[in-house]
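Pasting the structures here.
Consider the two complexes below, in which subunit A is the common component and subunit B and subunit C are the respective partners.
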Partner chain A sequence: MSQFVQEKRSISPLFWLPFGAGGMLSALFGPALILITGILAPTGFLLPQSFESYDHARAFAQNPLGKLVLLAIIALFLWHGAERIFLTLKDMKAGPLLNLKYATYGVAAAVTVVTVLLLLAVGF
Partner chain B sequence: MSERRPYRRPMSPTWWANPPYRAYTLRELTGVAVAIYGLVLFFGLVCLALGPGAYDGYLAFLRSPFSIVLHLLLLAAMVYHVVTWFETLPKTQPKLIVDGKPFPAKKMTDIAIKVGAGCSLVLLLIAIWVGR
Partner chain C sequence: MPEAATAVKTVELKILRYRPASDERPAFGSFKVPYTEDMSVLEALQTIKDTLDGTLSFRWSCRMAVCGSCGMMINGKPQLACNTLLRNLPPGPVTIEPLNNFPIERDLVVSVGDFVKKIESIYPYIIPKEPKTVAEGPYLQTPAQLAAYESFSDCINCMLCYAACPQFGENPNFIGPGAMALLQRYNGDSRDGGQQKRLDTIHGEDGVWSCTAVGYCSEVCPKQVDPANAVNQNKTNSAFDFFLRFLRPGGAR
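Up next, the complex of A and B:
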C-alpha cells in the first residue's frame, strides 16, 4: 500500500479563518466604525469631539471587554487585508513569494503581537 | 523527469487591470482599505500607550483634512466590501434548501446586506446615544 504517498498538507486553511472572521466583522460593523472614529467624532458632527478624548479612549482600552474589541478589530482587519493583498500580489507575480508573505502576513502577525503588548501596557 | 509540455495561455502583465479581471481586482483591493483602517486604530493605540501628548497628536491627525478625506475613501471602499462580501456569501455557503427548493443566491445576498447595514446602523445609534 506504499504506492499512496501522503500529500503534504497545506497550512492555508489556518489563514482562512482570520480572513473570514475579519471579512465578516468588517462587513457587519466596518462602515459604522469608520464613520464614528474617523469622521463623526473628529469633526464633532452628531458626536462630541470628546467622544474619543484621551480619558475616554484610555477607559475603553483598560476595560477587559474594550481590550477584546480593540484586539479583534485591529488583528482581524489586518489578517483579512493581508490574505487579500497576498493572494492578489501572488496572482500579479509581484515578487518572490517569501517577500510577499513577510510584507502581508508578517505585518499582520507583528501588529497582532504589538497590539496584545500595548493592551497589557495600558493597564486594567 | 516529466515530458509534459502543457500549453500555457499567454497573459499580459497587466491582466488584472482589464475586464473581466478588473472587478475581481477591485474587490480584493477593499482588503487594503480594511487593513489601513486597522492600522489607523493600531496607531491610535500606540499613541494612547505613549501618553496624553502623543495621543493629542493622534487626535490632531484625525481632525486634519487629509484624515477626513482618507476616511471618506475608506468608507466608500468599506461599503463596496460589504456588498461584494455578501455577494460571495452564497457561493461559500453549503447549499441551503428551504421547503425542498434551493434558496436563491440573490435573496441570500439581499438579506445579508440588510443584516450588515442593520448592524452598522445599530452600532452608530449606540455611539450617538452614548456620546450624548
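Up next, the complex of A and C:
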C-alpha cells in the first residue's frame, strides 16, 4: 500500500490529553465541588466550622499534595473547557482559528501559569 | 390490490435531480405516487422509475438494510431509503436529496471513489501477529475477544455517517467515521498485529484529529456500529502513541 502517503503527525494529543484528563476529573469531582464550595460552604451546612477558616484553606494550599490537587483541579478543568469551547467555536466558524486558540487554549495556559505562581507564592 | 373507487391516497416526493448532460445545476423535481401503509421510500422511488420517469437514477440492491447502497438525505436526515417507511415520516411532501458532503454523479447517485480509497488506506484486513501454516490450525478467539470488535464489523459502508459529519463536510480529506470504525474492527481483533501500521495512517490532522466529537455519525448509523466510539478510542490510542513512540526503537517519527 505504498500509494498512501503518511500524513504528518498532529500535535493535537498535547491538547486532547489534558482535555480528556480534565473531563474525567470534572465528571468525578465537579458535582461534589459545586455542592461543597457553592452550596454547603456558604450556608455553613454539614461542614465543620474549621472548613471555611482562612488558616485551614491556607494550610491545604501549603501542603505539597494539596498544591497538586489544586493545580490539577483548576488547570485540567480549564483545559477541558478550553478544548470543548474551541471545537464548538471552530464548528460555528466564530472567527480566525488563531484568535479562537488564543481565546481558549490561551486563557487555559495563562490561568495555569498564574495558578502555579500563586501556589508557589503561598509557600510550603 | 383492490382499486378503491374513492380517491387513491398519494404521497408527494420532492427529489433533487441532476443530469450532468443537460442540467447546469441540481434542481428539485416533484412526483406523486400512490401511497400504501407498508411503503418504504425506496419503493416509492422504484414506483416513480417504473411508472413516471425512467430517467430517475438511484442506487439500491438488497431492500433490507444489508447492502448499504440506498443511503440518501430523506427530509434532510441521512437514512437508508429501504429502511425508512413513508408512514413514519411527517405528513406532507417528502424531500429526497443525494447524500450530503459527496459530489453528485447523477440524481441521487453520489461519487464514492474517495471513500473507497480511505477504506483501503487503513489496511482493512487481518495482518497476523505471526504467520501460521494450515497444518498449525486456525487462529482461535474467545467470545470476549470477539465481542471487543464485533460491533465494528457490522458496518455496511452506507456512508450515512459521512453525510452526517460536519468535519467531513468541511474537509473532504478527513478519514471520517466509517473508515475509523473499520480500523477499530481490525485493531481490536486479537488475531491482528497491524495496530501500529494503522495508527500511523491516522495520526495526522486529516486522521483521527479532525473529529470534534459531534456524535451525529453514531446517531444516524443504521447498524448501531457507533463510529464515534471508534474515533474516540483511537484518539486515546493515537494520543498515547504520540508519547510512546519515543520508547520504540527508531519510532520517533
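Just so it is clear, the second predicted complex is superposed on the first by the 115 of 124 C-alpha atoms of A that agree within 3 Å, B and C clash if a C-alpha of one lies under 4 Å from a C-alpha of the other, contacts with A are read in each partner's own complex, and residues count from 1 in each chain.
The rule we apply is simple: a residue touches a chain if its C-beta (ideal position, glycine included) is under 8 Å from a C-beta of that chain, and two chains touch if they have at least 3 such contacts.
Note that this is a predicted model, so its numbers are computed, not measured.
Of the two partners subunit B and subunit C, more subunit A residues are in touch with B.
Legend: residue contacts after superposition of the two complexes on their common chain; A:82 is shown touching subunit B, with no touch to subunit C. In the superposition on chain A, contact is made by A:42 with subunit B only, not with subunit C. Legend: residue contacts after superposition of the two complexes on their common chain; A:122 is shown touching subunit B, with no touch to subunit C. Shared-chain residue A:7: touches subunit C; no touch with subunit B.
Counting contacts as defined above, subunit A residues 87-88, 91 meet subunit B in one complex and subunit C in the other.
Listing the residues of subunit A that touch subunit C in their complex gives 1, 4, 6-10, 12-14, 16-17, 20, 87-88, 90-91. Against subunit A, the residues of subunit C that register as touching in their complex are 120-121, 123, 166, 200-201, 203-207, 209, 212-214, 235-236, 238-239, 242-243, 253.
Interface of subunit B with subunit A (complex): residues 13, 16, 25, 28-42, 44-46, 48-49, 52, 55-56, 59, 62-63, 67-68, 70-72, 74-75, 78-79, 81-82, 85-86, 115-116, 119-121, 123-124, 127-128, 131. For subunit A in complex with subunit B, the residues that touch the partner chain are 22-24, 26-43, 46-49, 51-54, 57-58, 61, 70, 73-78, 80-85, 87-88, 91-93, 108, 111, 114-115, 118-119, 121-122.
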